[in-house]
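Each structure below appears as structure tokens.
Shared between the two complexes below is chain A, which pairs with chain B and chain C, respectively.
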Partner chain A sequence: MIRKTRRRGTWLAATVLAAGSLIATALPAYAETGVTRGEIKLGITLPLTGAASPGYNKIGNAMNAYFKYVNENGGVYGRKITLIQKNDEYSPQLSIAKTNELILKDKVFALVGPLGTANFTAVHKSVGLAKRGVPSLFLNTGFSGFAKKTSYPASFMILPSYAMEAKIIAQFLKENHAGKKLGIVYQNDEFGIDGMGAFKAAGTKFDVTVPYTSGSQSAATAQTWVSQLAAGGAQVVVFFGVTSATAPLLAVSAAAKYAPQWILGSVGSDPLTLRALGVPVAVLNGAQTPAGNPSPNDTSDEYIKQFQEINTKYNTGTAFDDYVLQGMNIGLMTVQGLRAAGSNPTRKGLISAIETKGSSFASVAYSPLGYSKTSNVGHTGYYMAVMDANGDRKPFGGTVKLYTTDSGSGPVVLSTFKRPAMPAKGLPSNS
Partner chain B sequence: MKNFKFKRSLTLIAVSSLLSITVVSIPTVAQAAPACTTANYVTTCLGATTDTAPYMLMTPANFNGTVYLYSHGYRPNVPIPLGIPAYGGYTVTNTPEPAPGGNPQIIGALLAKGFAVMGSGFARQGWNADSAIKTNVELIDVFKKQYPKTTKVIAWGDSLGGFITQALAEKYPNLISASASFCMASDITPLMTVAGDALWGIKTFFDSTIKGGNYAAGPAGYAESMGDLVKVFTAIGAMQAAIVANPAAPAWPATSTVPAALKAVPSRSALVLIALMSGIPMQSAHFDSTSAPAGIPAASALSFQLAINPALAALENLANAAALGVLATHDLELQAGGAVFDNTATDYAARVSDEQFIWSSALSGNAGIGALLGYLAVVPRAKGNPAAIAKMASLTTHTGKVDIPTILFTGTADPVTAPGNQQSVVDKYAAYYAEKWEAVKKAKGYKRPANNQLALWSIPPAKYTKFTAAGSPDTSVAAAPGTNHCNFTVAQRLAIAELLAYASLTGKHLSGGPLLTKIRKAGNMTYDRGYNAPKMKYYGG
Partner chain C sequence: MRKKIAFFILLGWLLLFIGDRVDELRVYQGAQIAMYTIALASIVLLTGYSGQVSLGNGAMMAVGGYAAALTLNKLGSPIWFAFLMAVFFSALFGALLGTAAARLSGPYLAGTTLALAVGLPEIANQFAFLGGVPGILFDVGFPPARFGEEFTQYKWFFWIATFLALLSLFITSNILQSRFGRTWSAIRSNSLAAELSGIHSSRMKILAFTISSALAGLAGAVLAMTISLVAPGAYTLTLSFALVTGAVLAGVSSLPGVALGALILVAIPEIADVLANSWGGGENFSNYLPGLIVSLLLILSVIFTPNGPGENLRKHRHNKASED
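This part shows the complex of A and B:
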């Protein structure tokens, strides 16, 4: 009797096990870090406080607002997206610590929109993103080095590189400011290496060159920049740095009644943030700038219109500017990436999906995306814009004249690229 | 940027902890049997191995058959005159150390559980790995003869002792059943490259009369090395004073002979470059390279975070590493018969190609980096003695090939044995493991070989720099976890002792939830197989 029972027990156990494995086969596998039956966890490091935070501190909340909107509309294959923001105060050492927290403690599936070139370089080196295979989507930096697939196999850029931007500005200078005395103020790190290298390759010669060390920007240091520019007689001044440096530069110039033609690099030219930092709108009037996206005030644009609606509902009280637009757009791109990775996303699958399908993703920017199996390049071009008396941005010459190029020796060409339409209601349905 | 005062001198908080030694009375002549006394159910035996190295055995009455063999860290092999910060007054000692620092809490906890502990003081101080390994092998035999019921020997050690321990595990799996290397030193050649680069950097930027190596033989060389110690600490002290006086643009020390044009670059950037090119971490005991005093304007705070705090971290770590660099260089040159550091072919620009972006502000931007590296490219280099370098390279090195459970544990901001030391053994073991797995697959097997290496890390908190009410950095507080050399708690030590006991009994490491729970309870221990510490510069890190 005992023997019989034992046999029966063994058989029962085997049956239960078999049934269990059948169930396990039928159910989706949730073995990937940061993905559960109901949730996909993502993370971002960025400066939420401190001198470098103005503007940048809006990106995470904007992204989150877009994710909330998607979550309320069914999520991604039924899963809700959770975004964890970590404040790195723009300090590379802190970026390492916070990214370690995201990966080891919070166990995020992927990083989205990590910000800062020095910061991401530090993180990539110290956290071992490539070895871990953690996808780093849509970096908020334009350093062309990050497009090197062999070094950054799990990372994707979104912004055109600083080299592309400099090449396009160089072309614009040639076409519109020939014969003028040129000056440049630039951040003297990889930002500058990318930009200055491209200006040099394009044959642009600056009469006054003012490098500044990242982190040293203040009203006092801006005073020395302006003195050098004015003493050198610069009539057209290119600024290639971050907003926390643009603001003192323009404010000090205004006070000194030094008024060259400003060409403000895309990174440090958001009018709303500059005005919030005390730059008089009159100083911005007439400033020229390369732009990748439509003006955040252009409600005739389907992307802007949709994102503004989302911002009003899910990011209440936050003025809609370039940074909010950037955050929302990264959200939109991320959702497309997650959808393209399928209903059971893995880190490898996400990377592969962006490599194979990412170049056709809908994005607010006018220029093509460069993703492929061999390229991490994001958007590839700019149009030149000019700021008006209201601090708004309009295409230079009245219509968008889009230039595209690469980060190397390729030419700057006028593009006829037609960007994909905004998905219906701003909700991607791609696969 | 406001000026500030340190609450405590940096140079005074240097590596004195390295020199904590248990003082006991020991026989001076090698003898066949140790002299034993029993008190409170613990028998303490003192004796010496045939090489005259004194040892100590401590065995409880309820001995369970397992003994922990501890190998102590580097002790200078020359006396150090009074007046030299941190080391002054040191006399060479070979006092045995049966547990880390002779810590009574650790010894008591192990004895209470029935374990025995033992350790040698080794016959020679300085870099003594080759002779110490032999001493330890003999000591194991001595212990087994004294206590025939011995079944397991667990090896553990700190720093140089960690090197010795790993070598024992690789070479004598028949004698050792499990091992743990704390804050381990890696092979001597990469280690001396760190010391040489750091000393050469200090000499080049701050005081060209520092010899930094190639010391004369005999007493003259000893005097030169002691002179170097004084000069190194003087330069570091001068840099500290300069930063205190003007954090944004500290003056160059009076002893510096760099060209006037280079002095336009803040001297603090040279400190950062020396740390980066040597591979010395950029977080130190009291400086996290991220914090700024509260209440200062945002722009000043950012500048402090990105430029000043990293310079102070570099300064504090160099204060810890450089003195030991002088002593070890002198020692190795004595052993090898000539200069062991050669940087005639070193490309320092390539060395810092990644980090120069990360630490751009601290290095004063591209202009600062270019000027500093440009100077390094044109000044005379240190030329080594090929025969001496070859002799040093012939000393014991690690293969990483272990077939018994081994544990590695280090702080990721250890300034003396940077985490790349541990990483080099992790990498070597990974290659060995891959080799073994390939062999299994080739033989049509499917079972993965056991993973015999458990690498643990102590990672500093994101922020830990403390400031006084006046806004000055406070270096009187305890060093942050993961910083300083061999900065571990008793709880961490005992957690690893328990992991070793488990591994010794079962032949495998504790894993999964029980492992994670144990290390979580000990605090500040990270187990992460994906973690990769920066390689030592010698290995291309």
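This part shows the complex of A and C:
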């Protein structure tokens, strides 16, 4: 009797297992890493703490706020987006470790908005992103080396390259500061050298050239920079470095009553970081800078208005600034990419979708996007702006005068490009 | 000797066999365990045998890492030569440091090496050819094509790191069992008595420093390989403290214990991650928790088992065997 019951139990278990297996195999399979029936898992590494964190630490939460908004409005083809943020403290080795966690442990579908030239170079090599085919969307760095499609086939830039930025500044110098003595302070790694190469190609000759090594910036080293610039009589000084170097440079210059016309590169002109580093933002008053997006305070802009509403509801208590704007815009671009990849997205499909449809994506920046089968270049231009005593910017000359160019020998041209409209309610409906 | 060689070959095969059957994350962690094994062996030799307390092994690793990366990048040399240069330059640096350190002992030596651990990696920030804060890439290249498409980069790292770890352990164990090992033990037990019996203790201490630095330098190059990068941030004071903790936990004079110490060091971030998730501490918390765990383990170990739990276990076994 007992044996019979046991045998019956065994049969029952086998039947349930077999039926379960049949049901499981009959259902559509979602074999792609990081994609399930109800979720798409994305990951980002960024400095949530540490010296580089002010400002950058807002990008992940801003992106997440936008994803929450999209999730509450039906997600992407019914799937909710989950963003996993990892703190890399802006250190390449931590960035590698955290990206490894995202890919090997959390098994994300794609990386979005990874930060920093050195970090992404190291991560790309060490983790083998290209070989694994992990999409790396909308890098928060402008190093033109990342635009090399053959080396970075699964990566997409979003910012104009540092080379483009330098070419546009060179054009601006020609048009507005001709005949003046020029000086430049630049970081002598990929970032600064990228810019210097473009200045040279554009024929800009600097009377005073001050390179510095990343990490060596301090009040003491800034003294030597200012001494060199002042001794050389530089009337217009271009700064092509990071904000932690802008801070001592501007502070020491103000103390020494050395007041050239500053032209601050997009990376080193952030008022929020300067304030966090103890520098009064007023020193930025009158500084000229290349800008890609409208001012985050410009509520007449449809993108800014929509993003501000999302920020108020889903990112409560966070001031809406350039970093929040950048995070939300990457979120908007990512959702368009995921939609373009179709209802059963794969990594390959996502890459292909951005290559073929990405150039028409809606984005807050004024310049065109350069995505194609042979290009992973993001935005391709800047307008020049002037900063006020609060660090806010207005277009130089009163209206946006957009220049576009490439990272190579192409000309800098005045563009009439009209960016696509913000999708209705900020919710993409592309396919 | 033959038995030992056979043991190491067998161990190597076993590790490669395991490496073939675990997922990529574990393979990567396996390479890290191998790296820590070499680094801890350098501490066992220096502190456990010759009795010199160094808190600056992270700095020695930095010397090896930069030497390997510069050799590979500037000379375009094969990878084995880059590792050889890491060993050579860190040994040279160790010999110079050892010459100064031979005059110091106890807290003075610990203080000097601590200052080195703090200061040396920061020097990289001052020289452009060392790459500043972002560092310089250290690319050992893809695995040979004959291993097939499925053979990943991390498995390649694991193979190289495991081979170097086994080779280092084999050489170190032979050195420690030779007259050098016995001489260092004699100096550590009673320096004066060793001098009276004709041992030139300063010379022997310099030799220990040199060999230990060579091992640390090799570990530094292996670390650089696993992250494809050499940067000041990879060789921090935290790393030096983690190594000391690993060595203490494993038993500072136990060479076989280094693998256990290395395993603990790699497991700590995993444990911290689990704890942070269960306590809901978030990403920031989980980043700082490993350092906290390392510090706590070191403090608890020093309070309750000054020679480390590994050493206590070894003594307990030894006493039990004597009683039997």
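Quick note on the criterion: the second predicted complex is superposed on the first by the 396 of 431 C-alpha atoms of A that agree within 3 Å, B and C clash if a C-alpha of one lies under 4 Å from a C-alpha of the other, contacts with A are read in each partner's own complex, and residues count from 1 in each chain.
We adopt the following convention: a contact is a pair of C-beta atoms (placed from the backbone, for glycine too) under 8 Å apart; a residue touches a chain by one contact, two chains touch by 3 or more.
All figures in this text were calculated on a predicted structure; none of them were measured in a lab.
Chemist: Using the superposition on chain A, decide if chain B and chain C clash or fit.
Modeler: Verdict on chain A: clash between chain B and chain C.
Chemist: Chain B or chain C: which reaches more residues on chain A?
Modeler: Counted on chain A, the partner with more touching residues turns out to be B.
Chemist: One more residue to check, A:A118. First (chain B), second (chain C), both or neither?
Modeler: Both partners, chain B and chain C.
Chemist: Tell me which partner A:G192 touches in the superposition: chain B (first), chain C (second), both or neither.
Modeler: first
Chemist: Touching A:S218, do we find chain B (first), chain C (second), both, or neither?
Modeler: First partner only, chain B.
Chemist: Once chain A of both complexes is superposed, is A:L48 in touch with chain B (first), chain C (second), both, or neither?
Modeler: A:L48: touches chain C, not chain B.
Chemist: Which partner does A:K105 reach: the first (chain B), the second (chain C), both, or neither?
Modeler: In the superposition, A:K105 touches chain C alone.
Chemist: Applying the touch criterion given at the start, work out whether A:K131 contacts chain B, chain C, both or neither, answering first, second, both or neither.
Modeler: The answer is both, since A:K131 touches chain B and chain C.
Chemist: Is A:L94 touching anything from chain B or chain C once the two structures are fitted on A? First, second, both or neither.
Modeler: Both partners.
Chemist: So in the superposed three-chain picture, is A:Y162 touching just chain B, just chain C, both, or none of them (first/second/both/neither)?
Modeler: neither
Chemist: Scan A:Q85 for contacts with chain B and chain C and give back first, second, both or neither.
Modeler: In the superposition, A:Q85 contacts chain C only.
Chemist: Among 310-318, 382-390 or 436-444, which stretch of chain B shows C-alpha clashes with chain C in the combined arrangement?
Modeler: That would be 310-318, the only stretch with clashing C-alpha atoms.
Chemist: Once the complexes are superposed, what residues of chain A are shared between the chain B interface and the chain C interface?
Modeler: The answer is residues 89, 91-94, 97, 100, 104, 117-118, 121-122, 125-126, 128, 131, 188-190, 211, 213-216 of chain A.
Chemist: Would you pull the chain A residues touching chain B in the complex into a rising list?
Modeler: 50-52, 89-94, 97-98, 100-101, 103-104, 117-118, 121-122, 125-126, 128, 131-132, 187-190, 192-193, 211-219, 244
Chemist: Quick check: in the complex, which residue numbers of chain B touch chain A?
Modeler: Going through chain B, the ones touching chain A are 282-283, 288-290, 297-303, 305-307, 310, 354, 357-361, 364-368, 459, 461-463, 526, 528, 530-532, 534.
Chemist: So in the complex, which bits of chain C are touching chain A?
Modeler: Touch residues, chain C against chain A: 23-25, 28, 124-128, 131-135, 137, 139, 142, 152-153, 226-229, 231-234, 283-284, 287.
Chemist: Where on chain A is chain C touching in the complex?
Modeler: For this pair, the touching residues of chain A are 48-49, 85-87, 89, 91-94, 96-97, 100, 104-105, 117-119, 121-122, 125-126, 128, 131, 188-190, 211, 213-216.
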